[in-house]
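Here's the structure, in structure tokens; my notes come after.
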Amino acid sequence: MTIELKKLTKRFGALTAVDSVDLTVGDGEVLCLLGPSGCGKTTTLRMVAGLELASEGEVYLGGKNVSDRAARDRNVAMSFQFYALYPSLTVAENLAFPLYGEGLSKTEIEVRVARISDTLQLGGILNRTPGQLAEGEKQRVAVGRSIIRDPTCFLFDEPLSRLDVQLREEMRGEIKLVLQDLSRPTVIVTHDQLEALTMADRIAVMRDGRIEQVDTPHNVFQRPKNLFVAGFIGTPQMNLLTATLTASNGANAEFAISGGQTIMIDVDPRISELSPGTDVTLGVRPRNLEISNEPTPDGISTTIDIVEPMGAETLVHLSDGQHVLRLVTDWRVPLNEGDKVHTRFLPGTTHIFTADEQVLRTP
Amino acid sequence: MKLRKVIKGIIAVSVLATGMSVAPVLAADITITMAAPDWPPTRFMKEHFDKSYTSPAGHTTTLDMDFIPWPSFYERVAASLTSGEQKYQMIVTDSQWLGAFVEGGYYMNLTDKIAADPELTAILQDLHPALVSAYSTYPHKTRAQLEEIGEVPAPGVAYYGFPQFPDTYVTFYRQDIFCHEGEMAAFQNKYGTNLPCSYEDWQDTDWTKWGQVGEFFRRAKGDLLAGVALDDDFYGIAYQAGKGYDFSTMQTNAFIWQQGGDIWDESKMPTAQAEGVVNSDVAVKAFDEYLSYLQYMPPVSQTGQMDIFVIQDLFMQGKVGAIIDWVGLGEPVLDPSASKVHDKSAFGPAPGSRKNDGSIDRTGNIGGQPFVLTTWNEDEVVDEALNVVKWWLNSETQLEAVSNGGQSGLMSVMADPSYNGLRPWNRAHVEMIDWQKDVWHIPEFFELLTQQQEEFDKAITGQISAKEALDAVAEFQQELLEEGDYIE
Amino acid sequence: MVRKHREIGKAGWGYTATTSIIGFIYFFPVLWIILTAFKTRTDALATPPKLFFTPTLDNFTSVFYRASITTGSSQATDMGLYFFNSIFIAGTSVGLALIVGTLAAYAFSRFPLRGNDTYLFIILTTRMMPPIVVIIPIFLMFRLSGLAGTYWGIILLYTAFNIPFSIWLIKSFFDELNPEIEDAARMDGSTEGRVFFGFCIPQILAGLSATFVFGLILTWNEFLFALLLTGVETRTVPVAMARTLGGEVGVDYGLLAAIVTLFLIPIFFVTFLLQNQLLRGVTFGTVKK
Amino acid sequence: MANTAKTRSGFGAWLLDPKRRGALLVAPAITILFVMNIFPLMWSFGLSFFNYKASSLKVPTFKGFDNYGKVLTDERVWERFQTTAIIVSSSVIMQLIIGFLMAMMFAKVFPLRRIVLMLVLTPMMLSFVSVGVFFKLFYEPTFGIVSFVLNFFTEERFVLLGSPEGAILGIVIADAWMWSPFVMLLVLAGLVSVPKYLYEAAEIDRASKWRTFWTITFPYIKSLLLLAVLFRTIETFKLFDVVYIITDGGPGSTTETIAVYLYRTAFQFFKTSQSSALAYIVLFIVIVLTNLYLYAVNRREEEVE
């Protein structure tokens, strides 16, 4: 079983919500659609489910073209953002609901409901109605209802968005565990990168209806394909500095950072493809910056604006007069707001983005 | 209380103005609020009042007519009176409401006022006795009883109302078809008698001929009528047979009285009976005859909804040859914008029952409305209201009213040589008024009427026979009247 | 290849065609009344009934002017005043009932008293009484208090008649709301007033619109009390309308239809304007936005 | 909660105590209702124990339950109750069916929906009087459009109001036509309140239309449907003008509803006290009916829980 999307496009009037998306989700694979709100991720999911029909392009489920079929004829399972539990039914009835259409016997339905309630620990609340449940319980019921059947694929729309932080962490693990047992392609829509990074086998980052990058969570984080992905993935956000290449020698290059300072750092060897004078954007993650007391060539001088202790680490907001830089350091490093410090870019951690916002990197 | 007193001018001036040395009269602003149904006869009264009335007492008098839609008139008046609103000084009323509102203490007894005022006495003497009986007396006295006493006002009789619009029913007919030579010949041929064409012909028309007319002019769509092919079914005759208000009783009473039967006669209290009178064989026969002509009438007659307005509409739209309806509904028939037969209509007396001597008995049930005074007014207002009565029943005003579509109850006005020519139905109206009697006036009038209308309606819609209907009516009336001590 | 945009709960022009036909059939009697307003009496009673005819505006003229009996000149009928009265009286009383009813409904929904349902039921029963029975006492009361014939009298009476329905309907909308949101707002330091006006009211606007429209419809055509409790200056259109029902002729169909047609316009307009609110998803609208 | 109240003192503080908040909010409604409705109701309740007649100057005397006895033993009253029951039940059922079907029809969003909906809503904006008058005209055998249309199929002139059944049908059609939109609007308000994602979930769960309706749609419209039935029953019980105009209770008394009879008793027969007694019996019946509805609904809800 696989999900294949070919040139999938959705237009609402003049607005193109999803623009020619190509995507494949393999059997047993968990793919997260990640992006800011309004990027078309939910619409993409709904097109897979059949709740929206594509304006152009095709959806293949298990190799079959289902583009023109209604949702009920696609045999998909989906969990909704607001859980969509049927308010008049008990939890047990909610769980059993998708089975009514399958022509199963009453005992068979009971067996399946029991199995799911065991898996998700719903035993104690089977006779309650949704109105009497806590948010986390609702979530588990919604998940339970979507996995009770054996569909061609599983779809989750913002499964954890309504939970508080603690519950979210708990459920994340729980869902991941459940998903591992399902040998079906799964698509999860989320705007929360932590959710995507922890649960997904692969992440598809979307912006304005287009997929910007599809890759493993590690690669999406470590090897962002372009400026958008680099900026979107990772907390605190990657520092982005506009600069001009002044000279390069192999992987070693010198940049004039707008604002006046220069820096000499080790970057990807493809920097040699650029001629001096080219405008670039330098990207470096907060954890790849280091405070040093002495000026170094691979650093710039900065002022400490704000110090935010985060427990084990401390987030420091720095300014070079032109850019705001975020730096994460060990909590033990003594820092005072207003201090003038030197900030080093750790070697080999700086990403170069050219004027077309694409990364300059050896594949 | 609408009365506002303002001293107008100096007393001396007013004394001078009256030119008399009697007790000085204060000229005042007097407003007389009058409950009136909203229709031309009352609209005329108001308009003409504003134009022509001057108070003989020197007051500045306003006639504030509260025009109330006809269909809601009774409710508004009843609610106002019974709740003690005391809003009206004068009220236009159906004659049958007299009992309820006199007994309730709302309508003023005018007997002493009339006796003390020669002008009012003269008016009462000039009013047609049938109208005085119907519109003014309570407890009810028949015309015969009044005439037996002879004196006017009759001692021992209480008087309340004066005619605002005295109404009778007459025959409305289509001159173009009743005077069509071909039709006349065919009718003569078929029934051996003439088709009534002229007024005199109608004077000689009895119910038998009425039925023949109905049968004769029953034509289907496509048939010829007076030489023209019909585009719709046509019917010869129609009279009221409706469930609402008194829309069958007014006609059935005519049949019953003419054939010598009677309704419960309240003027013969407490010996008059209902049981055995109301459902006497004569009455049953008369009611049966009333029902027998329905078969010639338009299909609405099967529903019990054929009221005085429905037959008027059927006539105006050219669906029926002759109807018996109130004179008060005659004006629109002549109006080209409402009536297709405005130039083809003529009027005659209503048919009646032929007696053994060959004459025709046209006894009918009176329509129209008197107006009355209420009981809660100051003397000054009462006197002024009586001045308004005198103004209204003055022959000049009455003739003006008649030429504007009203009717007069004054014999002197009816005898005026110009009277018959003023409106086309006046001759028939004068002839009919002599035949009028009235239905009950006791406070239980509405209960009697409603139950009777209901039973009549069952007979009209074919659910029960004439006998069953009258038996039920008699039983109900006997019980109700005994309970109310009207029957010993 | 372009696929048709298909979504649950949406339909296209084909559906419009079907519903239009059904709607039109349902509307036909109203259409007939409106057509009658443009007919002469003869056309109104024509056989077979006329769908096509030469329209006349005479009936509309007659709504506002009548011919004098004596001179034939035209006189105003005061119908303009009656239209104003109807709009003013119905609008004010329904508005009042809405305000008073909303407060009460909020209380019944959020701060239930002991025996809450009983109170609600008693309120409802006041609406069950056939009005004819209370007319005499009300009439008397109006006379004693001087309310008879005044705007305030009839407005208060109509308000009272609209309150039960308003409370019941609005309460059912309050009940649908999630009180947790209000509690959250309270914890954030909002005053009761802000909770009520800032959170609850905006969410039940649809319900309030519905209540307003229903109340207006039930009040707009009230006849009996208007007949008995309004004076010449405060008379409403339904009472004035009755003059077309009989007198010298039977029903004046054209004139009645003309008044009905004119009288339909304001309430039709209000309903049309409030329709969006009326039909906006109640729960859905609150969760999704 | 409303801590500000505690800083005030005296009557204001007492009044604004959160404990009294409910009562305070209800007070204006109750005051108006009491003055305009409950007081006159009690008045006429008192009258129902006397023998007061508005057309008589006699001082009324106390009669206890005599009037109630008289009314309850009156065959005419029972006959009218039966008529009312038939008219109310057929009309309310018809309104429910038509209103419900139309609500389903308008639950979808489609082009020009606002306009088409207005077509259907208009009947209830008309006055009873005009509906009565024009339906009577429609049924009129000579001038009416109904008989005109039906005469294509029948030889005879079509006469609807000539039989008791026809007359009842005529009234029910007029009343149901007028008030089905009311039911529709209430049901529609319920329908649009159903979250769309529930339907989508049912679509995903491959539920049949039937099951979708009973599981999702019905629970959302249930309470509004009940409200519709309640109000329509109460209102139809008072049905007056339409009957009065179309048949005036005829043929005979076969369509005379209790409201028409009550009108006659109170306003034409002036049996003021007796009519009050009858009215209270009507009120009692309506209360019992209403309670039955509410009971039925509450039991359903308990079953679910």
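The letters A, B, C and D name the chains in turn, as written, and every chain counts its residues from 1.
The working rule: a contact is a pair of C-beta atoms (placed from the backbone, for glycine too) under 8 Å apart; a residue touches a chain by one contact, two chains touch by 3 or more.
For clarity, every value in this text was computed on a predicted model and none was experimentally measured.
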item	value
Count of contact steps on the shortest path from chain B to chain D	1
Pair joined by the larger number of C-beta contacts - A-D, B-C	B-C
Chain closest to the assembly centre - both centres taken as Cα means	C
Chain located farthest away, centre of chain D as origin (C-alpha)	A
Separation of mean Cα positions, chain C and chain A [Å, integer]	53
Inter-chain centre distance, chain A versus chain D - centres from mean C-alpha coordinates, in Å	57
Distance from the mean Cα position of chain B to that of chain A, given in whole angstrom	93
Chain centre separation (chain B, chain C; CA means) in Å	40
Overlap residues in chain C, where contacts from two or more other chains coincide	8, 45-47, 135-136, 241-242, 245, 251, 287
Set of chain D residues in contact with two or more other chains	54, 142-143, 195, 200, 203, 267, 272
Sites on chain A at which at least two other chains make contact	51, 70, 82
Contact set on chain B toward chain C in their complex	37-40, 43-44, 47-48, 51, 66-67, 69-72, 75-76, 79-80, 82-85, 231-232, 307-310, 312-313, 316-317, 319, 328-329, 331-332, 337-340, 400, 404-405
Chain D partner contacts - residues on chain B that touch it in the complex	74-75, 78-79, 82, 100-101, 103-105, 232-233, 242-244, 298-300, 302-305, 310, 313-314, 317, 319, 443-444, 446-447, 450, 454-455, 457-458, 460-464
In the complex, chain D residues that touch chain A	195, 197-198, 200-208, 211, 215-216, 218-219, 304-305
Residues of chain D defined as touching chain C within the complex	1-2, 4, 21-26, 28-30, 32-33, 35-41, 43-44, 54, 102, 105-114, 116-130, 133-135, 137-138, 142-145, 148, 177, 182, 185-186, 188-189, 192-196, 199-200, 203, 223-224, 227, 230-231, 234, 237-238, 240-241, 258-259, 262-263, 266-267, 272, 275-276, 279, 282-283, 286-287, 290-291, 294
Partner chain D, residues of chain A touching it in the complex	49-51, 70-72, 75-78, 80-82, 84, 86-89, 97-98, 100-102, 129, 145
